[in-house]
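Below are two complexes that have chain A in common, paired first with chain B and then with chain C.
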Partner chain A sequence: MRVMATAGNEALIATRARATEAARQAGGAPAAADSARVADTGVPVLALQGISLSFGGVTALERIDLSVAKGEIRAIIGPNGAGKSSLLNVVSGLYRPDQGMVRLGSERFTHVPAVRLAALGVARTFQNLALFKGLRVLDNVVMGLVARRRSGFVRQILSTPLARREEIEACAAAEEAIAFLHLDAVKHQLAGGLPYGIQKRVELARALVARPQLLLLDEPFAGVTVGEKQELATHVRNARDAYGTTIVLIEHDIGIVMGLSDRVAVLDYGRKIADGVPAEVRSDQAVIDAYLGVAHEGETELVI
Partner chain B sequence: MTTLARSAVSRGITPGRVGLVAMLIAAYGLVPFVGSDYVLDALLTPFLALALAALGLNLLTGYAGLVSLGSSAFLAVGAYAAFNCNVRLQELPLLASIVAAGLVAAAVGIVFGLPSLRLRGFYLAVSTLAAQFFVQWALTKFGWFSNNNPSGVIDAPALTLSGLTFSSAVGRYVVSLTVVVVATLLAARLLRSQVGRNFIALRDHEIAAKVIGVPLLRTKLLAFGVSSFLIGIAGVLWAFAYLRTVEPAGFNLDRSFEILFIIIIGGPASIRGAFLGAAFMVVLPLLLSRLGAALLGDVFDSGVLEMSQRIVIGALIAGILIAEPRGLISLVDRLADRIRHRLSRPLRNPTQP
Partner chain C sequence: MFEFQFFVEVLVGGLLSGVMYSLVAIGFVLIYKTSGVLNFAQGAMLLFAALTFVSLVERGVPFWFAIGATLVVMVALGVAVERVVLRPLVNQSPMTLFMATLGLSYVIEGVAQLLWGTQVHGLDLGIDDVPFEVGGVLISQFDLFAAATAGALVAGFALFFRHTRTGLAFRAVADDQFAALAVGLRLSRVWAAVWTAAGTVALVAGLLWGARLGVQYSLSLVVLKALPVLMLGGFDSVAGAIVGGLLIGAIEKLAEIYVGPLFGGGIEAWAAYVVALTFLLLRPSGLFGHKLVERV
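On to the complex of A and B.
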């Protein structure tokens, strides 16, 4: 079943891979696919410099530095309350950090403007689904392209050529994203009535439809069954491979993250305690302590 | 060829479209000839005006999720704006007055929609009460609005369109019907476009809508503007085609609540729901008075009627909010589905379209 699911995307991925390959050869770079991707030291898609954030007296983030290279899948893990979601909210402009700088591509911000996020090529999903429940799946995905709309409401009522073209293009892109995530069967249903795992996929489709440079996934695997987790992980990897999207994901399930990510950063009590490829992180003593609760009393969560 | 394609492509849509066209044909071709002046004057014309007002509020509250208790104020703004256009710009044709009244109402609506940028839900609803009280006060206080009538009463002019007069019950019904049909088609079109999606996105998840790039400020004010535009036009119909003499006190909070109840009963976020709810609201007092007179005889006077009407509506709203939050229209839809299901099984052969 899962093999069937991935088979549909292979053609697209293969084409993409060939294109990247060609580009790489043209640039004279060595064609060592995976290591090249991880070691890509060009301009990072996302860079955080000394981000600090506190709520009242509670420190959520403390001098976080993070650099995410183009095309990598970067996981940020940590126990509950480690500051993962706060970090993502800083990047997506929902929180203003007390200190530090966020760099998205070539632009630097002390407070990322959330309203311009889509225009900056950043899309995100939310920890507890943030679908538009009263819209059909197709319309939800079309919403992902709203930032590209140029026609105002008068043009839309009059259905001018611009408005019509935008609508057609948006629907075509949405159909493609829906096919990519195997949502064809439910595309005319209201999003609110679908099973949780499917809704997660719809949210992924809505984020992907705009072909973002950077995709932020807030606990994409939380609350879904083990089978769905594997499937979602495949979809996330396919998204990167097919669209070249850089992905930052938050998770506290280490198991799934290790297989999926190129690099992993670990947060604990608002500080970054480790950062590296999965194998390094897995054997890092500080990480083990954080997860097994050796360093901090009362933190008995064990999620493997 | 086209009919073939259509019947094949839109099997699901066809019954709705056919129903709509049939209703329009009946509304234009049958009702004006069959309906008595009483039916046209006391039932259909107020139904049309209320339905349009409810549709306007539904855009704002049902679709965009912004609750307003100021609908009656926008009705008043529309009515008084059209009156002033008519009195002060004599050469302005009626249609232009109606559109201008809608635009004035939209402008007022946008101003009173500004708090929505900060307030939400219950607090926003309360802030829209400001519109309700302010407009009613201004229309009574400043004689200019009513052309210096001491009690703010305005008398509607005769409805004339390019030389033709529509002052009879039939004429006023046809004018109302035409205005409501055009306005409804435009609203339906807007709701099907990206703007309509933005409204629902705003309602269902404001933060996700913001992050995805929905211009919140513009969308909220647009919702207030379009909603008030439609309600303003409904106000013109209410004053010019239905009552013909209105005073500011007629546009009180009760009316705002009535329009809100229409969309709760009929079905929020549904165009048909607004019409169904309005029909219900117009017919209910009649049914009650007939029923009351039959059961209780003379005891059932107009005072009792009004009280019983409130009790029934109150009970109904509580019941609907609990049992069927999507309103009467979803009951109707389910019933229609069941009937269609039952009919389509034996009648599968293609003779029946």
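On to the complex of A and C.
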């Protein structure tokens, strides 16, 4: 039953995508509209359809649908153990969902191939950082371009024109990303010796240097100071504004998410309990219950 | 009666033979650093390289052509090992991987002897092993040549690691495999390149050791000389392998001359292990090794 329903859904989305594409080619392109609105009509950069995942008897995700529009900052929030990280791991191919489909741009996967992720234009950061601590900041950022490299190592040793041009381009791109995230002062230092908040920025620079279509941020604000949080949030917004990168972030800190995101999805016990613009989500009773865990009388709004 | 000049001579001789140990140890370090595998087959690869080279030369292949051909064979061997043995074993425990390379070392030795026979071959690199004198100290010409070759090899690798992006990828994988995967680096390609490099080192070491000891089955046992070097220098540091090799070489010779008589001689073979074990007790990660810091 559900398989059929899902198939129907896909067909519908595919039809819609073709229609939009046709409209665009006909010249009636809806130029960069308000990002929150685009979600319903444009081709989603990322779409999850009926994603379910369980570990043994524990259900981590249950029939999750989610669509992320181009140029949108999309947050996924929820209490501990709600399934946020599982969801991100499904998108980045670390987990294979039991059911459902992940669409990245025009490609559809039942299991996203993690090794092709960079080539598909997806970059991600990690909650506990995945930096090369023993390398300089600049080298860390250059490594973000590794999936783009075309010259093999024989060419690099021989220093052919292609290899040399790539080298120059890589350095220029890395320098730009470093300047963009205000990391100039530390670019020759070893990444492992920097303060945690700066390391987070280095990881963001490394993710951005390849100009990904889609950037997945895993709890970007966890473990940084309040001042650094505001700064980091500004950088995330700037990245979207400057490069048009679509951003999906999962986060604990509901306050910072509300100010930053275009749309917010809320997970609780593996199910999606709310999805909408921040104002809607903020006043949603189910969300308030999930976060505060108490029964409320009358009107309550989550004060942040 | 302590003769300073004699002491220097023993020391220099020890240091120069230590370079030969470093050469074997570097092969281990390259692979261990980037893939966490302690490749026991490094000695067998060394034997394979030397045997292939000698057999080609004996069949009338010109010297440089034989070196080139052997290099190609070693690269092919390295890539094949990565693909056939190590790739299917990704994520297995280090002990499993070690046992795999142990088995591999016997397979490589077996294949080498199957292909080229079991007799002992002489290997002449065209360098006279005539000692010459510097300020009253006798120095072996061959040892000096070996040291220079090793130095050039290490310098070449250092330049490669520092200035090419593949070198950067090497360093990145060695630094953090998870992070390397996260940026989309193809680990299998890096590993193939590393095994190629290790094969090259095996070729150089095989030629030098073969020229000194003769090319025969026991050549693969030089791995046992590399182990104390690795304990001393750390398993994941090229610099450590060099310094460790020099130290072990010097200690062996000095111990044989100055401590040996106290025990009736013949301690050269195991003096290195005594030092390495002592060192292991005092500083388990070696001189230059990566210290593991666990955050609790």
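Please note the rule applied: the second predicted complex is superposed on the first by the 254 of 304 C-alpha atoms of A that agree within 3 Å, B and C clash if a C-alpha of one lies under 4 Å from a C-alpha of the other, contacts with A are read in each partner's own complex, and residues count from 1 in each chain.
Just so it is clear, a residue touches a chain if its C-beta (ideal position, glycine included) is under 8 Å from a C-beta of that chain, and two chains touch if they have at least 3 such contacts.
As the structure is a computational prediction, the values presented were derived from the model and not from experiment.
Look at chain A after the overlay: chain B and chain C clash there. With both structures placed on the common chain, the touch criterion links A:Leu135 to chain B and to chain C.
Using the contact criterion defined above for the overlaid structures, shared-chain residue A:Ala119 touches chain B and also reaches chain C.
When both complexes are aligned on chain A by C-alpha atoms, chain A residues 114-115, 117-119, 124, 126, 130-135, 139, 142-144, 146-147, 149, 153, 156-157, 166-167, 170, 206 touch chain B in the first and chain C in the second. Partner chain B is touched in their complex by these residues of chain A: 92-94, 114-115, 117-119, 123-124, 126, 130-135, 139, 142-144, 146-147, 149, 151, 153, 156-157, 159, 163, 166-167, 170, 206. The residues of chain B lying in touch with chain A in their complex are 186, 189-190, 193-195, 197-198, 200-201, 203-205, 207-216, 222, 226, 269. If you check the complex, the residues on chain A that touch chain C are 114-115, 117-119, 124, 126, 130-135, 139, 142-144, 146-147, 149, 152-153, 156-157, 166-167, 170, 206. By the touch criterion stated above, chain C contacts chain A in their complex at residues 160, 164-166, 168-169, 171-172, 174-176, 178-186, 193.
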